[in-house]
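We just call them A, B, C and D in the order they show up, numbering each chain from 1.
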């Protein structure tokens, strides 16, 4: 029996800034995850009054306290927040800060402080991993040289030290637009203390970036601290990720082809072999959360249930992890 | 909590066939294609349902697309679900040729059931569910004679279905001719318990102004199943006799039915489940939420919420 | 200035039997057509209490009388029912009849009587054309021989004579699944009195059937009594129309490829050249309704407005017909 | 009815930029891609709108995707629409640095408008619309001093925008600090009519318990535009000060706003249009129905219904 637990990412329920703001919507989403067999939920950092689940201050404003939010989770039969995804380039209306960059030394203290606060809340919510976007998109920064990689490594090592104080691990989430995409992930990892900084494996992002997740597990399996299972429906083989503002033009709009990049595991046309990835993770001794997600979805409840079917019927048996009580 | 093994479970959960997903040209039901059927069954299984119910009129698609009910049931089983538990017989009631309160139409009704039961005989069903009367406005005034004729009709139908090993059970829509408490009581006083069972739809009785728990308690010995579904409105004025239709067109609301576990629901499911336990019922409870997609709803979500409620609230009472 | 008027088909608003039943839904659909610049609405025959716009008895049950429905139309700023589409193979719950076939001589009196009743209502609603499905689908009948064509011609000539008594023309609507699709349309038309039976040109059906609507206008322009503008997104080049129950397996499900066949004019990927068809109709002296439709639509209001834009900005100027008051 | 030529029309209709259509991954706004923008503009034009309004924050997409406001406006014109009439300045109000009732934040606010107006200077706008106060709970208690400071702030902002030929106009959300009738009256008593106009949002005033027609009649001389939109609910209890948000999260309703022409609407648009006529207003009326897609709504349909109502009801009163 492995130490793998299954969670679902909530981001698919919020396609636009004014969606998914009301309590009853959160309740229905969390109950849907729960009944589909997921024990945890992954949150995504957000800011402002229309992001009630976006950061610890909003949780407090909406649920009285972070602990109040955990009670709400429990009332929906969800056990924990597995993890929180945070891109430091997102501003904070609560703290009146603009984008922060790990490449800018002056920003590092603020990044470390923010990571620490997120980790503190995450610990209170039963979670274990803070996911960060380690560097901006490839089209939005100068190519990363050794000096840049040193700075990035120092930043995340410091942040990892801060989160570790709360018992939370810090994992670098490398997406398909990342300036690290090409070859820099090993170089960056080599610069960091394996006790302080790990890797988050996102099957969909890797596949969309033309990288085989099985190869990453084989090469860097011992550094993997977090896993996200999403499917990829297309590969960026035209290197569109090198464009400026690719977050909008490539990720959101779908690039020149206006493709849909991602979907829940098991979606029609999906490129990822989830049973193979699951077996490889077990073989590599992975222990921790596997967070299933679709990124965005035209029909979030259907995505969660279809993914739940795949996990219950095909993937969980490979892992040998116990089903949550009542799920067969 | 101690784990309950499969064999120990008194209650299993079945999902009644109402579903819409979104196709390229608008909403489609799960029978649209093998793909949509598979996606439906996966979602029903993922939420922990044990089986499905269906409609009689689906048998044409079972034959046309899957090779018949037995073959279709194999697909259901391949998705981890046990079987098809009940079928709902949605007849075209018409006072000219198909009206239980009009004896001159009984021969036609009996023949319909002989043919229907033959079609289903290749699989095992628990119940064939009927609305036991025409639309209210086609039966009113509701007289004792009409209730008696109706009972006689269903006694004979029940004898036919019993010959196929299937119970005939009555589901009292709020807009059918037998829906008030006194009329339901009179109707059952004339039916033969060996041949006519009661199928308690929590929402329909609630809309008609009855307490479904009390009704169940009175008739528990002949209740052969349930539709657990919720509503937010009790019928008012002429809702139950709204011409030409009450189920979708009544002015009170554009959406009578909600999944259990919804806020503002009028059905007391905890009391219902307690009664199910206290009456020692063992077997299937069906979950239904027809027209869940109206007014912005989503079948996948309604299915998840209702099954979440069954697992996290009702199974704590009885399972 | 031609005698062309523009209408929109209501069928796209009813994807499933329990949809589009309530009065307020009809009101919103009709107002949407109206504000998009359409003067008329085309109805589709239907039966039973969830088809309030399906036949004259249902109109009476829902609006007091056929005239009551016309008042409702006027209250929505829609001038007329342009036309009614009827397939005699559809049963009638109101009249307790099953499918009727023009190939079965015994059915002809019932077909003629039904056509007459529909025409009577249509006349009261300001319409001008009863559209009929002239024969069943190719996969559902024996190949049509001369004798069969004679019977079909006799049936529709009789029906056309009956509708003419109400001032309503009868037009044969040949769809892409029709047993007439291949070569039989001219043979059938040649057998009928041009004063009693005309042709309904449906751009989408022809295109999906591999037939160029321009060629049909050129060859049979003088027999065209009705036009439907819908776009085709795919062509049945594998002759799937020859399968039994193609109405379900090919039309509804989309055949082996599960394609979407039809959409409103101007839809992305549409195969029909509507300006060319419009010019050809004007050149052929066509006068009457052009009914725009999408058949089914995931977003009916958007379909109606996008088609309205095309008509207002591109097609109406080609026709030279006056815009309805207030539409520029 | 006699035809009214373009030149004779007293009123033209503009559509305020709220829109969602359905993309492959869920709802998207019209700024998603050139394709979705074109589909949006086609639908606005098809229903007979003359122009559009927009938001300040859209300017980044105008620059990024279209080459700036002038180029974007060319695309608008290619679709048969006249131009961009108004822009809405959606600021991040915060008592720490951006709060009209707090004079120490005024310098920051003024600088924001200098920068903003410069960005827009390549096209001609009629109004820049603002919410004239922070959220209610960030301003209360509402004192005369705070209203006076707010007025002073907007007087200065209005002087800046006037320098760019654009009116500064105030739009009183029901959940902002200046929303009650007495507070609105006090606020305008301190503002300079040359620099501060009123923009009447029929639904917002109605939700706040004001009669929008009476408000308009009192201030007609300084009204520079309208949002014609409807509501079905008046705010109750603490709705207007609901933390952290009233616009979407207040308990009373999940959907405050509806298109005009909807049933059960609380705004009397016929009276409003009559007042517009009787006050001799000439120019633009904007139509808005933000969050129309919530609870099963559809922007295309709401746009059609509201414009249908403008054409078939309101233009019969005045045009």
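A few points about this structure:
In this text, a contact is a pair of C-beta atoms (placed from the backbone, for glycine too) under 8 Å apart; a residue touches a chain by one contact, two chains touch by 3 or more.
Computed from a prediction, not measured in an experiment: that's the story for all the values here.
Between the contact lists of chain A and chain C, the overlap consists of B, D.
Set side by side, C-D and B-C show the greater C-beta contact count at C-D.
Centre-to-centre, using mean CA coordinates, chain A is 43 Å away from chain B. Separating the centre of chain B from that of chain C, both taken as means of CA atoms, is a distance of 37 Å.
Centroids built from CA atoms put chain D at 49 Å from chain B.
Multi-chain contact residues of chain B (touching two or more other chains) are listed as 22, 35. Chain A has residues 24, 298, 300 in contact with two or more other chains.
If touching chains are joined by edges, the resulting network of the protein chains shown has some other shape, matching none of path, cycle, star or complete graph. If you check each pair of chains against the touch rule, the ones that pass are A-B, A-D, B-C, B-D, C-D.
Those residues of chain B that touch chain C in the shared complex are 20, 22-29, 32-33, 35, 64, 92, 94, 96-97, 243-245, 248-249, 254, 291. Interface residues of chain C, counted against chain D in their complex, comprise 24, 28, 31-32, 34-37, 77, 268, 298-302, 304-306, 308-309, 312-313, 325-328.
Listed in rising order, the residues of chain C touching chain B in the complex are 12, 15-16, 18-19, 21-24, 48-50, 52, 58, 61-62, 93, 96, 245, 248, 252-254, 258, 260, 262, 295-298, 300.
By the touch criterion stated above, chain B contacts chain D in their complex at residues 294-297.
Residue ranges on chain D touching chain C, taken from their complex, read 1, 3, 6, 21-22, 35, 39, 42-43, 45-48, 80, 261, 263, 298, 300-301, 303-305, 307-308, 311-312, 315.
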